[in-house]
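Both of the next two complexes hold subunit A, though its partner changes from subunit B to subunit C.
And then the complex of A and B:
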């Protein structure tokens, strides 16, 4: 009876968003007379950072400070339509819609500023700090706040913009079955090292090393946060979680929250992550999206690591101690493979 | 049902209320006092989202009868910051990106405070042990452990 170490690798290509009937999201941007901007979305932020990243995208496109942008995701009944926050689509789909809306709003803002400064809108630029000035003559300037006030009370203009980003439905070629379900792919590779106890069937995570290619990381700290948390969820799916009973009789399965297993802080392992940035041609500022895909490579890598450790091929999730033990027994004992 | 008169200190302030027999502390805090910082996760002692300190010790408020805190002192996340200033643990959680949806955060902070109050220089293993009754669905725990360790070392730097 012994503990065996094993190492497994997995690579994935992850299509950003989905395309089973077209994949659209909308955004609206408008300014208040205070010179602050509101982005209206129906896309929900569950903590992944949707609000932060769309705020950044809007501010950057408008050319105003990020503090001057507020993102409102209050109500999907009244907000512009969104397919939802899933399939790693938030940054890419919603971000593109926000960018389009902010571009349109910027056009109106520059027109309104041009009217106040009595110049041509094409000669104006933003300084990113809340001012609009004549190119090459920074002293001839007006604040975005004053532009917003003038547009609202003097010019009778709404500084606003509409945006939608749609990945249209891809037809399937009836002869070849070919289609292009996605416009943009993220990639990842993960190496997992595990320790398998051939007496108890328990699998302990030893360490993970990964590389993720997900376009430009618009907010690197949030990307890292997603990758760390997502990998934990991958461990959870690989080794712990299931709504299905894993014993012969459903009555012996998990019945409530307390019996629904998830890894605790003691079950995690060191995880070294490299983020590779290859800007996506159709992403907002080159971004793809680090959502769901951060959990995916962990599962096959762990299964491969278990094979490497004790020679059993686990093809059913989650890989519980009982399943490992039965498989080891069926092959007549642990058979550690060549260390890789 | 008979009501019981109850008095205790809530984040340093005396409170007096009537509770129904059998009501747990989590419900009393949220519904009678209006302190929404302890969260309801499972109501079964399995997630730690409802963690509070009673006389400085970590307890699950969903499993504590409200009547048992009569005359005692209850601390919740609501009392952690000092006026407008965040507690070092809160600052560290922010800096280490230790919250995503934030639902576990109040419980995590109280579990971490209980640890640092009795052990200002914990090891990584001690931090893991201290938060092992708290479930987080988002962060993967690593950033939370790092935040607690960072708060501990910033505390040592000030002391």
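And then the complex of A and C:
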């Protein structure tokens, strides 16, 4: 009886946004008279950080500091329509809508600034720190706050913008399945190393190495949060979770977290991640979305690592100790494959 | 540990941005770490009542009689809601995008189709009084034969789970009991292949397990409106679903969401809002309806199970020449979102690889279990598990390094995908190369030099002749239309006729060149 180590890999891609499109999102952006901006959305932040990502997109597009933007979400009276937070669509769809709205608001802001500085709006630029200046002449400048005051109380202009993003709905051919499912795809490859106990059937995670291509990491800290958390969920799906342990027999369903198992702090492992950025043509600053796909490569990588460790193919999820032990017994003991 | 590989694809990016690319602290961080972010359940309203539902103990049963007389007299009970009280007691979530037929009641009427299906709702002063009244509801059940296995459900004579779909499958394009994918000629591919490998994969259901269970609070507002605090992931999706079920204009509702205590796809189904609002309408008081942990875990709708069969033809040099897939999505008793997951799954085939011949048949099957719904990786997670386990087996079978095998077959810019769209902006090869580097997994120099941006297209952009299959009789269009603006039904929009596939080529002779045939499906191995 022994513990055996093995490595397995998996590579995947993942479509961004609701399949077939047809899933619009809208955004409204407006400034108050002090030059502070509000983004109004009906979209939902699930904890993934959508408020923060759309805030950065808005600030970048307007050319103002991120502190001058606040994102208000999840109110059907004040936020315009959004299809919802699912299908890895928040960054791509809502981000694009916010970008469009911010672009329109920036246009008015620059016109108002041009009037105050008595120049052509095309000759102006933002410094990202709250000022608008004449290109090549930074001393001829005005703060966004003074522009907002002038627009509101002197010029009678609303520094605001509307944005919508819609990928038109695709047909699906009944005979061939021909369709346009998505406009861009994220990519990943993950290597999992496991240790399998051939006496108990238990699988312990040793480490993971991965590469994720996401178009653009708008906020690398939020990306890291998604990828680390998503990989945890992948481990959990691979080795622990199901509400029907004897599926398709519905018996013995867990009712709480004592019966429904998940990896605890002792079950996770080091995870070394590389992020690649190949911008999507229609993504906001090229961004795709790491939301859903980050869990997916872990499941098969773990199954393949188990094969490498003990020579059994685990084709049914979740890969519980009971299933591993039965498979090892059925083949007459562990058969470690070539180390790699 | 996260490393940004700015050196790769650098020529496609402008990295001189001010706010984008910075690890700025989240806007809502302070609220989260100080415990002041508000969730729906933080809205404790004066005079708030509590709603609980009585759930079926049977997986499949006729409801002969529901007697609520004693329960109505129970202490603290304000109202008992039955199916007949729900204005439109039949809905399907995707009617909002005109996909599928209404097939699910808010409260069961003649029949229950899964263990845990709601039958009556009890609105009481406290959760405890609601539970006490629940124990006094008398239901006379006539248990029926149930079906739990997707392939059993498709057999003739199987119990009919949901009468809206009497063959236990969702209907695609008003004709087919599955969604097809046809690209090239897989049979010809198998005939040419050096090895053919057929395998079966199974994923069990998975629970979203959010920290905060599904829930909502609905309260009468001024001027005949209702305010609804909810944990939904999709505010207008839930709002429009409620407007349909309760048969009122959508601006009757003011939905307020906000911080969600974990979604992962499990908070799209609008499980609690319609009954909470109906409770508020019937009592004139705020009503809270939140699932308990057992309800969330067993009856709140999981990621559905999938059974997947993959048959691949591969050459000795590592090229995959044919991939045939048959998959069954276990939708449970009602459609919810599984029908759409099937189409997304078909679009995902054959994975991120360029394979000249691909054939897919994916079914959405009804069984007597908790309806499945969306979850992170919707329609793709289980298929990726199956495809990538299969890739590992193929590499092992022909004795090629599994990393190199993936790079060799990876799709590249300009290739034709099986859903007949050109691959663009691909990056699988680079991901494999970087992951190998990180894991100190040796790759040959030649493989390290391969690129997603090189050597794609050309013959890899061609669509091989696809054999024609007999077309079934088209049934009468039966899809409904429910639009956001409640416009009258629009004519069903048929997809434009497509050019008929070219005639089939003469049948290739069956292989006789010592190909390995291995099949876990039929349990045979022959040479």
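The working rule: the second predicted complex is superposed on the first by the 321 of 340 C-alpha atoms of A that agree within 3 Å, B and C clash if a C-alpha of one lies under 4 Å from a C-alpha of the other, contacts with A are read in each partner's own complex, and residues count from 1 in each chain.
Convention: a contact is a pair of C-beta atoms (placed from the backbone, for glycine too) under 8 Å apart; a residue touches a chain by one contact, two chains touch by 3 or more.
Because the structure is a prediction, the values reported are computed rather than measured.
Enquirer: Of the partners subunit B and subunit C, which touch A:107 in the superposed model: first, second, both, neither?
Expert: Neither partner.
Enquirer: Pick one for A:44: touches subunit B only (first), subunit C only (second), both, or neither.
Expert: After superposing on A, A:44 lies in contact with subunit C but is clear of subunit B.
Enquirer: Looking at the overlay, what does A:256 touch: subunit B (first), subunit C (second), both, or neither?
Expert: A:256: touches subunit B and subunit C.
Enquirer: Now for A:224: first (subunit B), second (subunit C), both, or neither, which partner does it touch?
Expert: After superposing on A, A:224 lies in contact with both subunit B and subunit C.
Enquirer: So, A:33: does it touch subunit B (first), subunit C (second), both, or neither?
Expert: Touch status of A:33: no partner.
Enquirer: Name the contact category of A:271: first (subunit B only), second (subunit C only), both, or neither.
Expert: both
Enquirer: So, does A:168 touch the first partner subunit B, the second partner subunit C, both, or neither?
Expert: neither
Enquirer: Of the partners subunit B and subunit C, which touch A:188 in the superposed model: first, second, both, neither?
Expert: Once the two structures are laid over each other on A, A:188 reaches subunit C alone.
Enquirer: Compare subunit B and subunit C by how many residues of subunit A each one touches, and report the one with more.
Expert: C
Enquirer: What residues on subunit A does subunit C touch that subunit B touches too?
Expert: On subunit A, the overlap between the subunit B and subunit C contacts is residues 46-47, 49, 221-222, 224, 230, 233, 256-257, 262, 271.
Enquirer: What residues on subunit A touch subunit C, complex-wise?
Expert: 7-15, 19-20, 22, 42-47, 49, 51-52, 55-57, 59-60, 63, 65-66, 70-71, 73-77, 79, 81-87, 128, 171-182, 184-185, 187-191, 209-213, 216-224, 227, 230, 233, 237, 241-245, 247-250, 253-257, 260, 262, 270-281, 285-286, 291-293, 295-297, 299-301, 303-304, 307, 313, 315-318, 340
Enquirer: Could you please specify the touching residues of subunit A with respect to subunit B in the complex?
Expert: 46-49, 221-222, 224-225, 228-233, 256-258, 262, 264-266, 268, 271
Enquirer: Which residues of subunit B touch subunit A in the complex?
Expert: For subunit B paired with subunit A, touching residues are 41-42, 44-47, 97, 99-102, 128-129, 131-132, 134-135, 137-145.
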